[in-house]
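One structure is given below, encoded as structure tokens.
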Amino acid sequence: METIPIPPVDWSAITPILVVIGWATALLLIDVFAIPQDRKRVTGYLAIVGLIVAALAAIPLWGTSSVTFSDMLVLDNYSLTLNWIFLLVGVLSLAMALDYLPRQEIEQGEFYPLIMFAVGGMMLLAQGTDLIVLFLAVELLSITLYILAGFAYPRLASEEAAMKYLLLGAFSAGFFVYGIALIYGATGTANLFAIGEHLASPAAANGENTLLLVGAGMVLIAFGFKVALAPFHMWTPDVYEGAPTPVTAFMSVGVKGAAFAAMLRILALALPTLRPTWVVVLGGLAILTMLVGNIAAIAQTNVKRMLAYSSIGHAGYILLAIMAIDAERGVQGFLFYMLAYALTNLGAFGVVIALEQKDEAAWSLNDFTGLWGRQPELAIAMAIFMLSLAGVPPTAGFVGKFYVFTAAWESGLGWLVLVGVLTSAVAAFFYLRVIVRMFMQESTYVTEATAEARVVGISEAKDASPLLYRGLASGITVAAVGAILLGLIPTPVVVLVERSMLALAP
Amino acid sequence: MFNFIWLIPLLPLVGFALNVFVIRREREAGYVATGAVALSFLVALATFIQFAFSPPAEAKPPRVDLVLWNWISVGEFNVPFGLLFDPLSGVMVLLVTGVGALIHLYSIGYMHGDSRVVRYFAYLNLFVAMMLFLVMSDNMLLLFLGWEGVGLCSFLLIGHWFERRTATSAAAKAFVVNRIGDAAFLVAMMAIFAHFGTLSFYDIELADGAVIEGFLERADEISGLIFSIPGQNFLVSTGIAFLLLIGVTGKSAQLPLFVWLPDAMAGPTPVSALIHAATMVTAGVYLMARTHPIFELSAATQGWVTWIGALTALIAATAAVAQWDIKRVLAYSTVSQLGFMVAAAGMGAYVAAIFHLLTHGVFKALLFLGSGSVIHGTHDTQDMRKMGGLREHMPTTFITYLVGAGALAGIFPLAGFWSKDEIIAHAWSGQNFSIFLLLFVSSLLTAFYMGRQIALTFFGQQRDHSYHAHESGQVMTMPLMILAVGAVLAGAMNLPMLHWLSTWLEPTLHEHAAEFGVTQLILAVVTTLLAAGSGYLGWRYYVANSAKIKPGAKDPLYRYSGDIWEALEEAWYIDRAYEKLTVVPGFRALARFMAGVFDPQGIDGLVRGVGYAFSQAASALRVFQSGFVRTYALLFLAGVVMVVGYLLII
Amino acid sequence: MSQLGFPLLSIIVWLPALGALLLLLVPRTNDELSRRASLGVSTLTFAISCALPALFNPALPEAAAPAMQFVDQIDWIPSWGISYNVGLDGVSLWLVLLTTFITPITVLSTWDSVHKQVRAFQILMLLLETAMIGVFVAQDLFLFYIFWEFTLIPMAFMIGIWGSENRIYAAVKFFLYTFAGSVLMLVAIIALYILHRDAIAATTPGYVGTFDFGVIAEHLRSGSFVLEAGLAQALFGAFFLAFAIKTPMWPFHTWLPDAHVQAPTAGSVILAGVLLKLGTYGMIRFNLTLFPDASLWAAPAIGILAVIGIIYGAMTAYAQTDMKKLVAYSSVSHMGFVVLGIFALNQIGVSGALIQMINHGLSTGALFLLVGVIYERRHTREIGEFGGLWKVMPIYGGVTLLVVLSSAGLPGLNGFIGEFAIMQGAFMAYETGGARILGWPFVAFAVLGVILAAVYLLRMYGGAFMGDVGNPENAQLSDLSRREIVVLGLLCVPIIAIGLFPNLLFAPMETSVADVLHTFTGVVAGR
Amino acid sequence: MEFVIFFITAAIALIGAIAMLVSRNAVHSALFLLLNFSAIAILFLLLRAPFLFAVQLIVYAGAIMVLFLFVVMLLGAERAEDEKDKVAWQRPLAIGLGAALLVEAIFVGFNQLAMEPPTTPEVESFGAPARIGESLFTTYLLPFQITGIILLVAIIGVVVLNQRNRAKA
Amino acid sequence: MVPTSYYVLLSAALFTIGAMGMLVRRNAIVLFMSVELMLNAANLALVAFARQQVNPDGQVLVFFVITVAAAEVAVGLALLVAIFRSKRTTDVDEVSTLRG
């Protein structure tokens, strides 16, 4: 029997991924065998350490560029920056979950490694350059999230969320695979570099590309589902509401970022020659997304749902940057926006978590009423996040929008920019409403709660000011300070993203 | 002395400041205020005398110009804060400070015991200062400062007793109506600047040698210039002059803006004397005299001026006939006399206008002060039907009043005879018969209503005994006597043949003394005789009918005239028409509509409508978010079909 | 050009913000201390800012155009050409001073008008001061936009937290309306940046572009950067819309009455005193400087809106029964004058507009303070509730009268100078060739505003201050306290001083205004 | 010959699919799907993919479909769709969209038909299991590893979701 | 030899039927079956194209797809069982508390 020669592999290219996945696998075992049932928090700490180690491990790789695994994986500054963002997202989400899970009495040790697996999937999405790798990475991420979304047993909402996400996720996976099939049929490969080369060849330029176009369209739709572009966004509000809040937070920035990262790579590597075509498609989706997300959020009184719709709106803005990849600031804008958005949105969900009590959702706007009087620090942090999401200077959100809109304008997407700024003006309304509730209305919190308690027969009113745990507090603080600093002194990050070039050839 | 002309307006201003910030006691206030104006009068007199006997050599024609500081200087727009002393402003300054000082003195007695007397004197001082700025300004803008400033003081003083609603609304009305005129004045100023590049009357040499050009001496530059309102061309000079005329009608209470003056009588009587008879209301005439080169460029406007003056004279005179309120008679009389002056100015008889202005200033102040004395002596009675027979209780007042009335009626040889006769003579010699007729009839009516007033007030029996009439104190009678002497002698200023005033004003008004021939002589004799007859008739009739006059009763003449009398009493309903018919209610309704409906429902409705539309859209979107996962898949698929469809079509 | 060797202007900008940070050290409940600290900081800022006119060089050589002084420049985001760049010229000089002057006065007034969460209010006030000064001195579009938008936040909070019953609606409306207005400006800024960069990069490869609008303006003038007419008009419109809403111009004014009526006194004072000027300042600084041809193109239309605003604001003010609302609508009218002056596009008009901005800040600010005085005593602002106040509170009545007259534009007081110069400018707004930009018809209507100002202000004054003291509740009202006298007295001094010596203000701005206008050469001798 | 087999198998596959779609009973659906999968397995054979033929039968038809049937039986959920549709417009719209999608798909298919090269070389061995296996460990090493992780995660997931249920229930 | 496009047409039809199943059926298990049908249709296309290009890569892809499908189904069915325990139904329309 002949041996199969394993081709040479540049392992350094996947060092961060290896650290994350390996650490997660080991942690699974450690958790089961070494961590007692009442000390699962230790697993969480270990997971955080693992992510930080991975981030540190990535530092020496900065500036290097390599393509390996038969051109299926690439390491470039672009993916490194994204990896750091994902790792940051993971750390912050874990920090928030550390408080949340025990309080909700849903803590299980597997939660933390699962988050790490998801982060691993995200990093693979950022680095993958083959459709099949991307597909598998998406599925790794998704399956993890199906489980995480359904983690909050016995809350039915959590399971319903997982169910909806899973069904629709599988549905979109069908389109993904079919899209791959059609692309494969048209080009004979699923590798992004190869597809790009094929399209750049003169033969392809003349011939009909129907198969490829439809296939690419379906793949983009599948990613559009993951990042919640309208009309593929319908799962978002329901899933975001039902999932445990730290998972929602993680999903809202992590999945979006990773899927966009992959989408950008597909467009930049495989389909640059088809830009005139997909600009129309994605442009239409972007307009629809910005409109739907920002308008639908107006009607929400549930903060978690509102944030869900807001995340849809933001997907529209990020899409502008993605479409602007022919301009030099497109990629940069995407990266910057992702970081700004990640900090801000995680922070906002962090505040929601801080208000959430055992068995009681604190997602209604009413729960935010008079927060300024009860927990001023929390209120100020939330105000910063809301303003940043709305894109009001001097916050990270503003600089991000500025970056994205500039990039979009540079690549001739003026009309989309117009829609973008107008919808962001609309969006200001519902962000502002949270601020209004927190600062400008007197707290009727206790009385309302007692009235509720009487109705449902709970003897004691809920604690008017839940304790802020260390993990959550530090998470929110990091996010808030980051959101402000990024707005005031964006220069270091700007420099970072300017150097985060995409590797365009193997 | 010339370098001290700034003291003239400054002294009253200091008096004002002292009264506002320092003085709290009535007695001091009166003395300080009167002293300030009296001092100002002395300075003015000294300046005047020096000007008369050793006119400044450097300027030709002689004038003194003192630039205090550079007021506004933006780009080419350059207006100094400069004072001017020339023959015209000289006589005006003397009138203002002289009569002003007497009225201040009189006020000490009249206002004794009033609760806000310090404030009263402060305003009075401020008024004098503003009036002095008006007449001493060397440019339009500073003139306008005085112009509006006197309007403000008028507002403040009419509203002195603001607890009375009538006083408050009269004050506001005076200010607003004046503002209408002022607005036109403003536009006129802008037009002047736009065309001449300056607002100074005459060339001014500044300290650094630079010269600000004046516009009056090169007014000809705009002759023939045209501007157009769609469909119609106008002379620029007509535009400017007409706008100035509107300003004049506001300030000098001419048609159609005279309505504020009768109401202004709600203020204290000395105020009526100073502001609403002697000085402020004549500012319009002063303005026309000062800017006559502009008016002379526009024959059309001059026609308007003449007609407005003459018609005002007649209408106000007829209204004066039918008043019961002693002050309202004088108020309408003032309007009427101002009409004479304006008509004179319109006919180009600026000297006659100024002459009449000066004499009228004296004798009308006398009359008002006299009426104040009457009111004071009868414990705030103003209705002449409640008076009667006062000559026995108030002899000084009676005699001085008689002198004043005679002067107003134009009885030889009192001051009014000379000045009014000059105007009528002008109308006659100007071949303008209708104007002459209007003025002539007005002057007869003047004599008539003064006769009526004297009969009602001083003759017959006291008809109401709720008060005990008494003569006023010396501090009030003294000014009366001084003014009475003035009313007798003021005509000497411009006696025919001598023409002192004409000569004096010639450098400013460029008008040679009028001919005085046989025609004029005959005319003078006829006028005065008829006036005397008319006055006698009025007096005789009301003395005869004095028994029929009771408080609340109608006038004996009502029997003959019927409702026309009411029309007269209401000054031909002009004021009523503004109030009730169109202008005011229309404005109010429109404003209410805008504030109550159009703004909140219309404009803001659109704004809120945008918000509402968004919230509706949001609710609509919720419908799709049904919670059924199959629906989500449906929309997903719809998206797929559209995207793929598009990709297939291209 | 930092002729001083130390960053004077930056100190003035950031001192209040620093003070706001320091206020965090003050215990939350110690109201008195936080008020005093805030007063101290803002007064110090004012004192330092007084050095600006003293050191300001009114006549720089014409070559250095647009000539900014006290410039501090540090690279911020170099690869974008964004820098922290502040500077001052004659256009912004007095507006900065107005801001530093009004702020301590407003702080002083909070003793009487702000009773809850005092520390937070003071912090917001100081932050707002920094932002407002920042808007006036920012020389970088990006920096400008940040300051511009940031002014919204403290103000919205002030209205929303310390306002009266309907405060939330007002705060949200204020925020959203102005925010929505300025997003288009953001697009215009981006577009301008890219257009400029690409134009310059055509001759200078590798040019990263700049947000320094001084540079952009210079390139526009030198012709190395040419904007196509239609594009310039669109950009002009985007900028103008943001400024028009802030100003607010008719018909974008409806947020103003709500905001004013609901805001606490101190908020209204700042809003009317300074915040509205951001809009008109922007028109001069950006619309006129960057888009001269478009300005010329749009001037008649804008003039019509301005005149409508003048009359509309005045008439609507007339029909109000709430004094604060009346004053608010009067702002619409007054700001209409300012816009009219700006788009006269000549020296007199623009200078007049600048003066009028200062004047409106002083007199309307004072009016709001005065309304606040009576509101604190009676908790109502209905004119009908009052009468004869002048009798009960003579000093109050007197001060109010002075301010009312200033607002009505009585000559000798500040209001007149601005209004006159504006109308004179509009009257003479003709192009060199003789084509009319605005001209006398505009003035003919604008002058109605002068009349109506007297009408509505006297209606208020006559109704509330004159007449008899009908309502027994008013009989015992106490006159102004010493602090109130100081606050109002401080405002009255410039009201009179500017009326008599406006050249103190006009002189330093002359060169700068001429510089802004050097592309427009309106004629003086009219027709 | 090949054509005949193709058409028969294709017909069976279609019938199975449609029957699955319209069956009211979930067990029937599962069985029809099984039929469809088997038909596809045969088509794989026709397409020279013997390895996949086996995988299809073993994994799909064998493991997955049994799992389905097992769950259906376990939950007794074979008749879950008796009452009326809650969303009235769902079904008509779905049919409309389905038709549109079908039209588009057929369009794509015919497009492919037009583009297809006239002849394809016959190579018997390219789909041999050995070739596939070699690919998996060389070219497709990375995806292969990821697949492993996915399966690991899936296992954890199933465990987490059910272990917990047992613990709390 | 059967042209590739025949297979593509067949796979397209099967794919559509699968997608329809997702839209019209309410039994969660049947929904999963529909998804499996869609994946199978895609697999068929992949294999057909692999045949056309004489390239085994397409078949390798199918292998991965089958694996993923299995993993997904496992998790999905586990979830379904969990839901069934509390809800006693597999009708997805019954699981619609999150909405709006």
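Read from first to last, the chains carry the letters A, B, C, D and E; within each, the first residue is number 1.
One rule holds for everything that comes next: a residue touches a chain if its C-beta (ideal position, glycine included) is under 8 Å from a C-beta of that chain, and two chains touch if they have at least 3 such contacts.
This one's a predicted model, so the numbers in the text were calculated from it and none came from an experiment.
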Contacts common to chain A and chain B (chain labels): C, D, E
Chain pair with the most C-beta contacts: D-E
Chain of greatest Cα-centre distance to chain B: D
Core chain by centroid distance, with centroids computed from Cα atoms only: C
Length of the line joining the C-alpha centres of chain B and chain E, rounded to whole Å: 96
Chain C and chain D: spacing of chain centres that average the CA atoms, whole Å: 70
Chain C and chain E: spacing of chain centres that average the CA atoms, whole Å: 64
Rounded Å distance, chain D centre to chain E centre (Cα mean): 5
Contacts with 2+ other chains: residues of chain D: 86-87, 90, 94, 97-98, 101, 104, 108, 112, 139-140, 143, 147, 150, 153-154, 157, 161, 165
Two or more partner chains touched - positions in chain A: 132, 136, 139, 143, 146-147, 150, 153-154, 163-164, 167, 171, 175, 182, 185, 210, 214, 237-238, 299, 426, 429
Set of chain E residues in contact with two or more other chains: 4, 8, 15, 18-19, 22-26, 28, 32, 43, 48, 50, 52, 55, 57, 64, 68, 71-72, 75, 79-80, 82, 92-93, 95-100
Inter-chain touch pairs (all): A-B, A-C, A-D, A-E, B-C, B-D, B-E, D-E
Contact footprint of chain E on chain A as seen in their complex: 132, 135-136, 139, 143, 146-147, 150, 153-154, 156-157, 159-164, 166-167, 169-171, 173-175, 177-178, 180-182, 184-185, 188-190, 237-239, 241-242, 299-300, 302, 305
Chain B-touching residues of chain A, taken from the complex the two chains share: 163-164, 167-168, 171-172, 175, 210, 213-214, 217-218, 220-221, 224-225, 230-232, 234-235, 237-238, 277, 280-281, 285, 292, 295-299, 426, 429
Footprint of chain E on chain B - complex, ascending: 622, 625-630, 633-634, 637
Residues of chain B touching chain C in the complex: 20, 69-77, 81, 119, 141, 144-145, 147-149, 152, 155, 159, 162-165, 167-169, 171-172, 175-176, 179-180, 182-184, 186-187, 189-191, 193-195, 197, 225, 227, 236, 587-588, 590-592, 594-596, 599-600, 603-604, 607, 611
In the complex, chain B residues that touch chain D: 626, 628, 630-631, 634, 637-638, 640-641, 644-645, 648
